[in-house]
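Below: a set of structures, written as structure tokens.
Shared between the two complexes below is subunit A, which has subunit B as its partner in the first and subunit C in the second.
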Partner chain A sequence: MRRGLHPKPGVLVATAVLLALLMPLLARSNYLLHILVMTEIYVILALSLNLVMGYAGLLSLAPPAFFGIGAYASALLSLRVGLSFWVGLASAGAAGLLFAVAIGVPSLRLSRHSFVIVTLSFTLLAQIVATNWTELTRGAMGLPGIPAVELGGVKITSKTGWYYLMLVLVIVTVAGFKALVGSRLGRAIVMVREDEVLAQAVGLNTASVKLWAFAISGLLGGIAGSCYAHYISFIDPSLFDFYYTENLLIMVILGGAGTVWGVVAGAVIFNAIPELLRIHPELRTLLYGLVLLGAISVAPGGLAGWIKAWRESKRPSVEAEGA
Partner chain B sequence: MENVSFSVDRGEIVGLIGPNGSGKTTLFDCVTGFLSPDAGSVVFAGRDITGLPPHSVSRMGLARSFQQVRVFPRLTALENLRAAGQQHQGVHLWSGLLPTRRSRRLQRELDERGLELLAVMGISSVADLPASTLSYGQQKLLEICMALMSRPSMLLLDEPVAGVNPTLIQAIKDYIRRLNAGGVTMLVIEHNLEVVMDVCHRVIVLDSGELIAQGPPEVVQTDERVLRAYFGK
Partner chain C sequence: MLLQHVINGLVQGSLYALVAVGLTLVYGVLEVVNFAHGELYMLAAFALYLLFHLAHLPYPLAILLTVSVLMGVGYVLARAAVVPHLQRPFEVTVLATLAASIILQNGARFVFTATPRKVHPPWEDVVLQLLDLTLTGQRLLVLGTAIVAFAALHLFIHRSRAGKAMRACAQNKAACRMVGISTDRVACHTLALGAGLCGLAGAMVAPLYDIFPGIGTSVVFKSFAVVIMGGLGNVPGAMAAGAILGVGESLAGGYISNTAKDALSFSLMILILLLRPEGLFGRRVRV
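Entry: the complex of A and B
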């Protein structure tokens, strides 16, 4: 049934990777490279939200919290203790995971609506702590001078270097994510989204599945935060702003919640377009709101859902036979 | 519910009837762990399962269907069956993250079992269609297949023929008998008394949360309290 219009997934992936590898040659300015690196960080963060929201069907407003916790954990470990980025990265992931478990154990027992509120409160609380625990975080003054990454004795300082470092991380994350959602555990996570009562009736411990999904989301958020901290070399409590949550929601919903490539595309598109169009940040927030509203009414399945519907409309229809 | 005490023997088909609101579904929920009884106990295959969570009950081989048909709407029929079966393969949720030989074999077993059940129920043609696009009758059959993916020793069916056309009713009756002949013990809630009288070995009657009669269908049918519960004085 595949014709020229529908190339094999493998070909598409190879093209995407090749294009990604060549990107720095095309993007000649440091500014463009910076946007590319930020896009890579956002891909990881958007996947973290996607797992909980798109696959498990639980709206979490906590991704910026895990992101910020990861950023602070990694930054503090290297500034105060002198540990390397790699230890910081692992610790940031672990911190995200542990906080997700700590928040998830009580809040996932609540209704889905209450869970949303708990995750939002957690993000706000994290921001308050980061702002006021000045002995540790220097509060609103932030933490400057977070050291660069060292890889085999070479310091990665150029944006191109960062781009390729992050590309490796993104590829590993996407591949791991694909493997996860295609596995037994991934199927279990989707069962929770589709019908939690039925999932329990067919033998699934849904409480533990939800906790795992949330924990993995925390892990990814922490990792993204650590990368951000070492890349930008400065962090402050604005990391926890609701602005980031809004961006992520746009990427996941418009990309296609519950799909991998849709959300990756969403992260790329909604990082690149606004930056390239150079819209005023506040106007951008407003525009995002409008685009989101419009998209939910026109294409509720996001980009991925829209493409899928379009491809299906091109195929000969399959008639259901009555039983 | 009060004073409801009964047992179902291995290999039996027992009907559970009673007017609306008499507590039939509540009883199912208590047995399968969706509700915890305030008092009393549930014993299955010699083990006290009172208050166990639903997933543990399911893994012990006690499967159920729902009054309001339940399937995973966005998954295809076959994916529904994989989802229902994977908890019963005796492996951890985390296994199968890597495409090992073993995980492929387990996957193939799920597919084979799923396709076989669809064929038995005569709905092989819908294997790759999203469950939400199936007709009501097809969804009912799919739901029974899903319960069977665990190879249960006992099956609790909540109104298996409600809202189903006469041809399909006949087919479902046949499946119930065949499954039973294959060794599955059954407890069936059903309002269609013809079906109950036809397939059940024994009938239990509930009214306002109380057990008011039990016995062979023909005896229960003429019981005075049962008639009163159904038709008033």
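Entry: the complex of A and C
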């Protein structure tokens, strides 16, 4: 299918990376750079949701929980214990992974419905704990003054520095994600989504496959949270707001759940547009709700689905391929 | 003191049960988790605020009107977000009801602003003293109405034509369509019924607390725990689990701490999922 297209995937990826490298030269204002850094964080988060929702077919409403837990873990370790960002980043990822396993083991046992309910409840609980456990988190006052990242003795404080740091992380994440979904585990995850009974029949331990997908998504969420905490240098319990879940769902669904580049594009587009349009925050949430409702009714396959349908309409004889 | 905590817990538990029964009923009949359910409670509270506090209608009339309004909202919700997606994968209805929840909550924030409002319930001043037990009229009303509502619900589901259609739909949708029961219509009835119960809860319990657009979230958080504890789709299970959670929270809040109270519902939910995934009452009993 790819052979017939004019731009080869490798060329497309190279162009995208080159464009991303040159972005700070195009975006001259700090405000635009800030949006770019936030977009990079969102790409990682959207991929984390994509793995459970798009690939494993498990709707998780917990991404903000892992994001927030990662942010708090990393911030507390550097503020209270004095550990560096890199240790914080690793611990945040580990915290996300551990919580995902702890939540996943009981909730993945019964039905996909109870999984959705437990993930939502977990996010709400995380917010309650972050708000009420004031001795640890300072509650609604939040944690200010989270130290900047140090790399080889140099403190990264400029937005451009953050942009490139995050770009490296995003490229590593996307590459790792591509490798994962192409691996044995990745194919097993897709098979569980497509037909769980069949997957069991051919000898897959579907419970552990689902748990892996959820755990890795927790890991990615924790990492994104740690980056956010050190980039913004202030966190509070609003990190767990449902607003973020909604944002991520729109990015993943409209980008194309179960695809890598579609979701990356979704994260970029749906982070940039509302920022640039400068819509009133409350109205924005409302509008996003309408977009979400419209999207699932009209375009369940998202952007990637449209492009795929368009490609297939041009080359009707070729069968569709996965991921 | 212990008895007082238990009574307070039962009042709170009837709120959880009223909200959770609607949720579990919708799941039992349609296999749809209505994530906008908490928003129905919030709308009921605001409807009561408008009808009783601003329009000065008599309280019982305001309750009745609130319940009717909410049944209408439930019907519209079913038509807009549930019925069009009944034949599609389950994520679609989850997302559709989530979107509806966001729209309703932020719409309310836009119209009513985030300022908390207060309704003074007429029977809150009536204080009953029984030995060392204190109970206000409003709380007694909540408890009594919940019991009456559950009895009525039981009769409706088992005796009425519409209720029988719901039970049939819970058992086998394809067979329902074959004998001429419109599953779309049943879906609308079920959501309207669940919303009506939520309306009842909102009209009676919301006046005990502040009313603001975010109140649905905490209520639905507890209701999810209740629904899982009672077994997804199990109506009597949700009633019992609601009472258990209410009493448990009241005891935890009274004897341990408020944080323990908040964490209790989630811990119980996880515990039940680990030990008895089908809910407290074992074998799956539907509707």
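Methods note: the second predicted complex is superposed on the first by the 309 of 323 C-alpha atoms of A that agree within 3 Å, B and C clash if a C-alpha of one lies under 4 Å from a C-alpha of the other, contacts with A are read in each partner's own complex, and residues count from 1 in each chain.
Following the convention adopted for this analysis, contacts are C-beta pairs under 8 Å (C-beta built on N, C-alpha and C of every residue); 3 or more make two chains touch, one makes a residue touch a chain.
Bear in mind the structure is a predicted one, so any value in this text is a computation, not a measurement.
Once chain A of one complex is fitted onto chain A of the other, the partner contacts of A:83 are absent, as it touches neither subunit B nor subunit C. Once the two complexes are laid over each other on the shared chain, residue contacts for A:27 go to neither subunit B nor subunit C. By the touch criterion stated above, A:94 is placed in contact with neither subunit B nor subunit C.
Between subunit B and subunit C, the partner in contact with more residues of subunit A is C.
Of the two partner chains placed around the shared chain by superposition, neither subunit B nor subunit C is touched by A:148.
When the two structures are aligned on the shared chain, A:194 is found in touch with subunit B, with no touch to subunit C. Per the touch definition, subunit C reaches subunit A in the complex via residues 27, 31, 33, 35, 81, 84-85, 88, 90-92, 94-96, 98-103, 106-107, 109-110, 217-218, 221, 224-225, 227-228, 232, 258-259, 262-263, 265-266, 269-270, 273-274, 277-278.
Residues of subunit A touching subunit B in their complex: 179-180, 183-185, 187-188, 190-191, 194-195, 197-206, 208-209, 212, 318, 320-323.
Those residues of subunit A that touch subunit C in the complex are listed here as 53, 57, 59, 61, 103, 105-107, 109-114, 116-118, 120-122, 124-125, 128-129, 132-133, 242, 246, 249, 253, 282-283, 285-286, 288-290, 292-293, 296-297, 300. Of all residues in subunit B, those touching subunit A in their complex are 32, 34, 53-55, 58-59, 63-64, 66, 70-75, 79, 82-88, 91, 93-99, 103, 121-123, 125-126, 128-129, 133-135, 137-138, 141, 146-147, 149-150, 168.
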